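Both complexes shown next keep chain A, but they swap its partner, so chain B is in the first and chain C is in the second.
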Partner chain A sequence: MSLARAIETGDLAQLPSRRDEDWRWTDLRGLLRVLPPPSPPHVGWAAPGPFAGLAGREVKIVNGRGPGGITVPAGERHTVALRFIAAPDAGAHAARLAIEIEDGAELVLLESYEGVGEGYVAQVDLRIRLGAGARLERIVMTRDSPDSVSVSKTEATLGPAAALAQTVLAAGARRQRTETRVSHPGAGGASVRLDGLYVLDGKRHADITTVVTHDGVDGATDQLTKGVARDQARGVFQGRIVVSPGADRTDARMGHHALLLSDRAEVDAKPELEIYADDVVCAHGNTVGALDEEGLFYAKQRGIPDAEARAMLTEAFLGEVVDRIGHEGAREVARTWVAKQLGAAS
Partner chain B sequence: MLSIKNLYVAIDGKPILDGLSLDVPAGEVHAVMGPNGAGKSTLSYALAGRPGYETAAGSVTLDGEDLLALEANERAARGVFLSFQYPTEIPGVPALTFIRTAMNAQRRARGEAEISAPEFLRLARAKAATLKIDFDMLKRALNVGFSGGEKKRMEILQMAMISPRFAILDETDSGLDIDALRIVADGVNAMRSADRAMLVITHYQRLLDHIRPDRVHVLAAGRIVASGGPELAHALEREGYDKYAKAAA
Partner chain C sequence: MAAVTQTIEHVAELERYKHGFVSDIAQDFAPKGLSEATVRFISAKKGEPAWMLDWRLEAYRRWLALEEPAWARVHFPRIDYQDSYYYAAPSEKAGPKSLDEVDPELLAVYAKLGIPLKEQAVLAGVEGAPKYAVDAVFDSVSVVTTFKAELAKAGVIFCSMSEAIRDHGDLVRQYLGSVVPVSDNYFACLNSAVFSDGSFVYIPPGVRCPMELSTYFRINAAQSGQFERTLIIADQGSYVSYLEGCTAPMRDENQLHAAVVELVVLEDAEIKYSTVQNWYPGDAEGRGGIYNFVTKRADCRGDRAKVSWTQVETGSAITWKYPSCILRGAGSSGEFYSIAITNNRQQADTGTKMIHLGPNTRSRIISKGISAGHSSNTYRGLVSAHPKARGARNFTQCDSLLIGKQCAAHTTPYIEARNASAKFEHEATTTRLSDDQLFYAMQRGLSQEEAVQLLVNGFVKDVLQKLPMEFAVEAQKLVAISLEGSVG
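Presenting the complex of A and B:
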């Protein structure tokens, strides 16, 4: 049951609904009464993406059509811009892509969801396999149209000593979901960082869902998601870390912190730790609140006007996640994105 | 310079400042002393314009201009500075960024040109050196993880850089060892000038040995109950606040 299946079969009964525990806050069946017509092929898309100039190679999937995979051969190091574009004529489409990072290879994946059309319905399924000692830094930027429905689902499998670092920058859509499922082998020092940022205004909805399953000893996972919702926007964070039997000495940390900047904005969060192993260090923190009034007064006492003080403190709040991005160019793109999102929303 | 007349401030309906009057002329440093809970911090917040500390009656003017009608940031741009008793942590904002943002916001409000980056850095380096603050500390998020003494020094650094016309120092001495106290006092003394006034709030006479105030006032139960020269501070140190607390009750 998934949006992709509904798109492929035209059967609305395939849509996830609020009765599915994992989808209760992002109900698609209640939302979509009809699907738009299938997206036509679209050739010759030329506009530059948000990471233009940072990647050695660009892979474009327009209206769900494009290459089916990316391979980084063993020992090589690549930076790839992977662009999912919903062109102006987009209707409904689903795309699948496999990413293979062979043993010892390194990939910086600058992934963007670029919604140019209106009212499109789209799903992307990514399968990512990291070989032994492979490394992936993935930055996902979403720029979906406000009236679109956009789902991105990733299943990542790590080999021994592989490292995955990910940051999702979500601007929301009518409904938007970025889901990441990671199978974490532990052993040999494999590590996972899964971060997220959402900055939402209007009636936008962003859902960041992650599931990390630790299957071996000594694995580490570090997660930090921060978000801001104003107007009537809604942020959803679901984070689950499963420590399987035998995955002893796992070190897992998960934080989600959100600012609600209006009375009608909403944030729903469900951090979950399921621990079936011994000697495990697991910590999670979850806060949803308003901007710190004391900090605001302190800044105003020093002469900073209210709106400027709020913007400064909000940007600083989100900056903690931006600072964790390893790739310098992408980090600056993310910083600019945050400032622009906050500016657009204020 | 600063003139407070018959000021009433209630918090959650409970009167805290109860008809307080005080004048601090330009060029002078006045001390306000009083027991815990007397309303000293309430006075500093009311002067600075903290939400929740609105005045129910009375007036506060700075060089004849009504301060109470202004927002906190507007008061700051007119020259009001508060060194907080408990400085707030500002996560994610480096001290240098914060101070520069503040200085430029004030300058813009006054119709002045912004400070250039090199000029700002030169000023910050010079002031940090006099206050014995490691310059690298100014690259860290303001007050986050700073010790009590470091936070107080950072308040004085901000005062030195912003160069306000009227400064309120709310127990800047508390939590300081004797060396830090001297550095802070030197920083305050360096700010003394004919066109500036200061209100130094303290619980102990210790600080006043280093900052010689022109006048000392006793605040008890929300009012100024006694005023005198620097010798009043010594009398308070000897005799305590009891008789004033009783007199006020």
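Presenting the complex of A and C:
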């Protein structure tokens, strides 16, 4: 049951609904009464993406069509811009891509979802395999159209001592979901960082879902997601950390913090721990609220106007996640993105 | 140190489950199985008015259309609802008029359980101990309710549900099913059709109930289920503290206990509801034990109403229970303090729901889960704020402690915030007993078992402090007993 299957078969009964526990806050069956026609092939898309100039190579998937995989050979270091584009004529499409990072290789993946068309329905399935000692830093930026439905689902498998660092920057859509499932071997100091940011306005919806399964000893996972919801927007965070039997000395931390800036906005969160081993340190924290009044008061009594003080505090709140991005160029793009999103929303 | 030593001695004296005896008491049963006839039988047996029978039959019809829920993180073979007795009652000749007429066998059971059914009985060895009124429910019926006369002087109604339906029909009709609707969920619906007894409490406006009220539930008959229904109404400005305890014999079969508890709290009223749940948990291999599938909910209808749920869950093979608060009145508040302990093959999926509907409503959740042996312990909770719940505030702390390699602890909180002035904070941790702390306690001369108990008692202290004093003592001992044999 998935959006991709519904697109491929045309069968709306394949859509996940609120009755599916993992989709309770991102109901697609209740939303989509009809699917748009299949997206036609689209050639010659030339506009630059959000990470233009930062990558050595660009891979474009337009209307669900493009290369089927990216491979980074053992020991090599690559920076790739991976662009999923819904062209102006996009309808419904699903794409699959396999990313192979061989032993000891390094990849900086600058991934973008660029919606130009209107009312499209799209799903991307990514399969990422990291070899022994391989490293991946993945920065995902979504720029979907406000009336689109866009789902991105990633399954990542880590080899021994591999490292995955990810930051999702979500601007939402009519329904948007970025789902990441990580199989974490623990062994040999493999590490995972899964971060997320969402800045939503209008009637946009963004869902950041993660599942990290620790299968071996000594694994570490660090997660931080922050978000801002205004107007009638809705932010969803679902994070699950599973520690399998025997995965001792796992150290897993998860945080989700959201600012609700309007009485009609909504934030839903489900930070889950599922633990089958005893020698573990796992914790999660979750907060939802408005801007800190004391912080605002302090800024204002230092002579900063109300609107500016609010923008400053909000930017600082989100900045913590941006600062954790390792790739310098991408970090600056993310910082600009946050400022622009907040500006657009105010 | 004396307290610890005393606890250890106390534990050593006890069997693993001291309430596991069966009492040979003449009993009446409903025919085995569940059908419309069973529902009619129960209703007739209790001499209920027609409206009550109709209510039950409606519930039964709705139940037939419902599906058994499967979302909880618990696993058990399918329940055969036809292979159980839905009504079992001690035979009585002509309704005892006073305690002296109650079957002495039955009184012996309660004496053995340490439940004071004699009104003068007070806690042994404590000068001026507070009095307790007790409603004793044996299988499907309430056998005796104490202190009724004294309570009546204050205007408090405390009686069995059957009596309430008979004598206070209007109150029951007004409130029954108003907090937990008939078809709220599968087990609540089943309960609505076949509930047999339970307690009814009404506290009139402005009255502070002069003593603690308590109900003691006992399952005795084999192959029977217990379906009790409790309804407590705290009228404007009143206060009541209510305690609930329960035990069952040791058997190889699983028995179903599907209760519904409804609390109605009006303006400025307060209900404090405490549970020490000690149903038979099954043996070390997971044979037998009670399935405890319970729906408990409080509705804060008036402004500044307050509800406090405190639970110590140590028994039952499977627990499936979420005492909840609907915070409707402005400034109303809900609290949930829970200790859930699972050992051997026990499974617990428990937590709470705090539903903020009114402005300036507040809630607090403190949950301590301990899993040992091969058990599984899940905290599942919902905190939600409606757009109108301006200024809603929640603080949630849920900690899990793991003892042993084969057990599991899960945390599944749901947070739904729908207005900008709501402030929700949630934190959760999962750890095992700290080696450093154990080492420290042991190098001060404690045995490993003593050290573990000391640390566990420290871990659950925040919740134990919320229990009424007598319960706290019993609960502390229960914690020790439940974890016995889990170390080493």
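Simple rule for what comes next: the second predicted complex is superposed on the first by the 346 of 346 C-alpha atoms of A that agree within 3 Å, B and C clash if a C-alpha of one lies under 4 Å from a C-alpha of the other, contacts with A are read in each partner's own complex, and residues count from 1 in each chain.
In the analysis below, a contact is a pair of C-beta atoms (placed from the backbone, for glycine too) under 8 Å apart; a residue touches a chain by one contact, two chains touch by 3 or more.
What you are looking at is a predicted structure, and each value in this text was computed from that prediction instead of being measured.
Judged by the touch definition given at the top, the superposed model places A:Val288 against chain C, while chain B stays out of reach. Considering which of chain B and chain C touches more of chain A, the answer is C.
Within the superposed three-chain model, A:Leu261 lies in touch with chain C and out of touch with chain B [touch as defined at top]. Once the two complexes are laid over each other on the shared chain, residue contacts for A:Ala269 go to chain C alone; chain B is not touched.
Shared-chain residue A:Val280: touches chain C; no touch with chain B.
In the superposition on chain A, contact of A:Glu21 is made with chain C only, not with chain B.
Of the two partner chains placed by the overlay, neither chain B nor chain C lies in contact with A:Leu12.
Of the two partner chains, chain B is the only one that A:Phe317 touches; chain C does not reach it.
For chain A in complex with chain B, the residues that touch the partner chain are 292-295, 297-306, 308-309, 312-313, 315-317, 319-320. Touching chain C in their complex are the following residues of chain A: 21, 245-246, 258, 260-290. Taken together, the chain B residues at the contact with chain A in this complex read 48-51, 71-73, 76-77, 81-82, 84, 87-93, 98-99, 101-103, 105-106, 109, 141, 158, 162. Listed in rising order, the residues of chain C touching chain A in the complex are 71, 387, 390, 400, 402-432.
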